[in-house]
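We just call them A, B, C and D in the order they show up, numbering each chain from 1.
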């Protein structure tokens, strides 16, 4: 069931991280134009990811013995908030840091933890997620990619699609069928760590609406995996994926991915535009919504810090945050076109165009809005 | 299937009706405050209805031989547009004029037509609709009110609810079961004209959220009806009700029921408020939406005038119109509270309060928005 | 602390402020006596002195501690200005002012005619309060409600009034002025959040109970989606109101109050619309309780400035701050 | 008449303006030659002289008759300014002006520096047009696109440009000024309506074909509701565009153009969001055609003023008219 969200604040020791992150980003992003920064968690820069790792800001919540920071979820919140709101290019390490690392830590063997976690924390192992398949859509239980036991491990055949960054990641954690048939649904699914450099793996990047390539189609053709590829228990894939999606949904990505646009517009208003009640009201409304969403995200973070699993609460904040992020480019566009004799500068128009084009993806990742709302309804006790 | 709506205009001979209607209303409504006029198609004034009848403006589309105007649906559009936008109290005759009259004309016997239609056109027979029952909600096929054959006609038992104006109408056209069981659904339903003055009929008005009483609960306790109470064919009740709902949905009520509020606000802005970009934009947006909705309503009217039955198109316009009407009090309230140092005059606040309170009913009458959208989806070919 | 206060208020209002009490007071049934009985119960509970310093016989709570009082008042559509009284008494008790008997509300606006007549066009709870705090900018003053001409300023069931004092006796009861609209907005935002939560609970109950086409409507995907959207707005409103109340002192901060009123007001349309849509005709009747809460929500949205008023204030402040990062403004000007 | 034109345009663009043609021109593949081939096909069809008087060799259509040309151009995301060319040629042909070769677009704004440099920050189709009509207020002038510095003013796939003419040769080609923004807005509203209708058709097709959880997603109540809302917006946009074109002459009326652009622009957000939501990841790829239309919709919404710009113009006009009935303003200032 859903719990109420209470106002809370970030502990001082975690808040203290902010100044050094800010100073690092001010230097690292100096001169990068807004339409490039707007990519943020879609922006790829492996070198930048390794510089963050060198600062100790990857794997912040993983234990120190595996190379992590041993910090609370509040510490990660502060770092992530700074990265995303500034528009830092974080996609290279994003999935490893947000969900693959925690997943391996929770379900992996000691050998797996010792192998993967330090690499993730050093920015040397980038991950992608193999969930969707061409005919599965939101129906993940229908996956048909199959791993069959061999003498020395597993033989993998099948196909994944919409896999973000597969062509520039080192590993995929794939949801595959290890027993039974598609009709068995949730039963017989397992998670496998697939080294994408192995023979039999073919990756086809898919260009998206913005002209960039993030999504990929990945083909497995008799890929031979070792015994150690299985993560967690055989047949527990569904339960593990559910836990993984909870990691994915409880981060603050879902309120900050359009802040670069908001700030670029704020500066334009302050510098070039006369005060107009419509514009000022829209600006104030967005600041107010951001304030409340942030307070809600911090409240979810506090539940994580206490070791709870606020799955439904996180879904609620994500859905509200997605509404905020998807509405923002529409509203700012309306305002930018409110006086054609005072046209917006080119970089602002390009930033707007990018965010407008990318915004449908905000409700693709981590569950469609309909799926999130279904979770909320169950959490509310609708039956 | 749904057809596209093409821009069309009102023929000159029908448009010519407007001046006399306007002159009549200017005099009849002189001095009536906006918060009273805002009731409009919820406003009851039997005398006013009879004055309209004396002008020949009731039953406009019925044949002259039955006392009607013998005019096209465009003529009715012009009259109704003037009545509703001015906030004339039309509820007494509204249902008779909009749907009971056309229903009787379409399905009634010659005797029934000769009896009821002239009375409707003279404003002497007011009608209500007996569709909903306590446990039916939107599921009309589950009605349990039952008429059983007797030697001389029918014996009626059961209960109707949410019947608008039953306590001040002369007749109800009720959907009742004449054979079979509730499990038979659509089969075995018929329509009966019930004289509400008959013994065994008890009417309980239900007060609504605005403090007014329109809705009623109606109890039938061994009500003895004559043979002539059956309208149309026995067992054809479902088909007839569907046609009746089409009459209900294709009128222009669904875009004009909040115009009194809009105009009262317009006058306040023009007289008392400084120009503010936010207010001006909101005003212009509503005028623009009204313009387009009106063009769509006229296009539906043209299909009616050609003898078509634009059921899906009318549902689409009604749903859009309901959105417009239900959003309007919310948007105007926001604007009225945009500068508490310039408070709105009392009559405007009362008009706003009334329209805000009544607005949920706009999506109760003639089918919920979900039902209308289901009809549209089918019309679009979603299967 | 908050949970204790929440439970105590729930128990108190459950006893003395049932939906039928609310209806009687709205309609003026029983006259001033009916209100007096309810007010006495509130007073005897000790809540009216929640913010008064312990040294002066009060509970010495912070505004943040007192949040559940306003929230639960909203959950019961309490038709008296309890939270306004608490705040005014709390602030007055910091001076040597004598604390008056009876309930106190805060006027939404004021104008003074050349002959000294004081007019406020929109006084929330003006019809039922004993005192009205009027903010003249340079100072604020308590005026006795009995000395005023009152007219209902709203629709059916409203207890808001247009009030007019001819030559009011201005003696004592003076407080610093200029921030009372923000204070009123902050307080009412928590009442709004409470009323919205109540409508959510009613809607969940109705959807699970109401059977149509052979099964509870809660099973319909479209109902589930709508109610989830409603819940999101209620959760956001509740958090916004807490932002407004987040101070260890007694006085709301301007920007926090602005966010609280902006965000709760913005939620009203969606919450009210979905509640009514799910309830169908039943929710539209006088005898069913939903209308007590949705009517109030619309009135409270109008009181002390709607969302566009507070949005403009936040927007102007953000532009004036000269910040290039909205997040920094949000972090620095606001709690969290 | 309209049906004949609709069918002829559909056939023409079906042949010469496939989605892959659109992509090639957007990306500049094939250079100016690729555009020239398409333009020649349009020209040979005779549509470019649709509004030119029959006496001068044109078809002598009214703007109302020509509506399907713009609508179908939108349905195919035609990446050249056909309708703008038609209107400018039509209006020029009423004078003795010589009609220029090639495509003509209309600039969204203009500023002139003291040294005579002409800058337009937002020229829809500026990257691909041969001529640009620039409205200086007291007059309007055709400037050759080849004489300008051009920079793409938009995101991926945009053919809009920021353009800058240093000492442009101002010789002839002069027209009355001041109304060209409204004209541009009106024309693009019909293209918007066409693009929206295309996305509706694609969405209906996808929903019926796509199977998930064992059945077409079109069977899901939530999909049906969403697509119905989308259809309502598309129907409203189509009607609004017709209002804009409703004149027996060649020139749109100001208020009708304002309504057309306001209402079509307002529909863009809902139509685009639902189209993408129903299509899921597939609709987000470059290789699927949906993006050709949704990208264009957002760009056209920005061109010649968004909904709030035109809302303000309508609102000011309504207040200035001193009407006390909105309906009368709507009836008198607008078609219907």
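Note that a residue touches a chain if its C-beta (ideal position, glycine included) is under 8 Å from a C-beta of that chain, and two chains touch if they have at least 3 such contacts.
Treat the numbers as computed from the prediction; the structure is a model and nothing was measured.
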Chain pair with more C-beta contacts, B-D versus B-C
B-D
Among A-D, B-D or B-C, where does the A-C interface recur, judging by over half of the contact pairs matching in residue number?
B-D
What is the distance in Å between the mean C-alpha positions of chain A and chain D?
37
When the C-alpha atoms of chain B and chain D are each averaged to a single point, how far apart are the two points in Å?
39
Could you please state the distance in Å, as a whole number, between where the Cα atoms of chain A are centred and where those of chain B are centred?
51
Among all residues of chain C, which ones touch two or more of the remaining chains?
221-222, 225, 307-308, 312
Among all residues of chain A, which ones touch two or more of the remaining chains?
277-279, 281, 370
Note: in the complex, chain A contacts chain D through residues 35, 132, 135-139, 142, 161-162, 206-211, 215, 278, 326-327, 330, 333-341, 343-344, 346, 349-350, 352-354, 356-357, 360-361, 363-364, 368-370
In their shared complex, at which residues does chain D touch chain B?
204, 207-208, 216, 218-219, 221, 223-225, 227-229, 231-232, 235-236, 238-240, 242-243, 246, 258-259, 262-263, 266, 307-308, 310-319, 322-327, 329-330, 334-336
Which residues of chain D touch chain C once you look at their complex with the stated criterion?
220-222, 225
Residues of chain A defined as touching chain B within the complex:
276-279, 281
Quick check on the complex: what are the chain C residues that touch chain B?
108-109, 121-122, 151, 153-158, 162, 181, 210-213, 222, 265, 268-269, 272-273, 276-277, 280-281, 283-287, 291, 294-295, 298-299, 301-309, 312
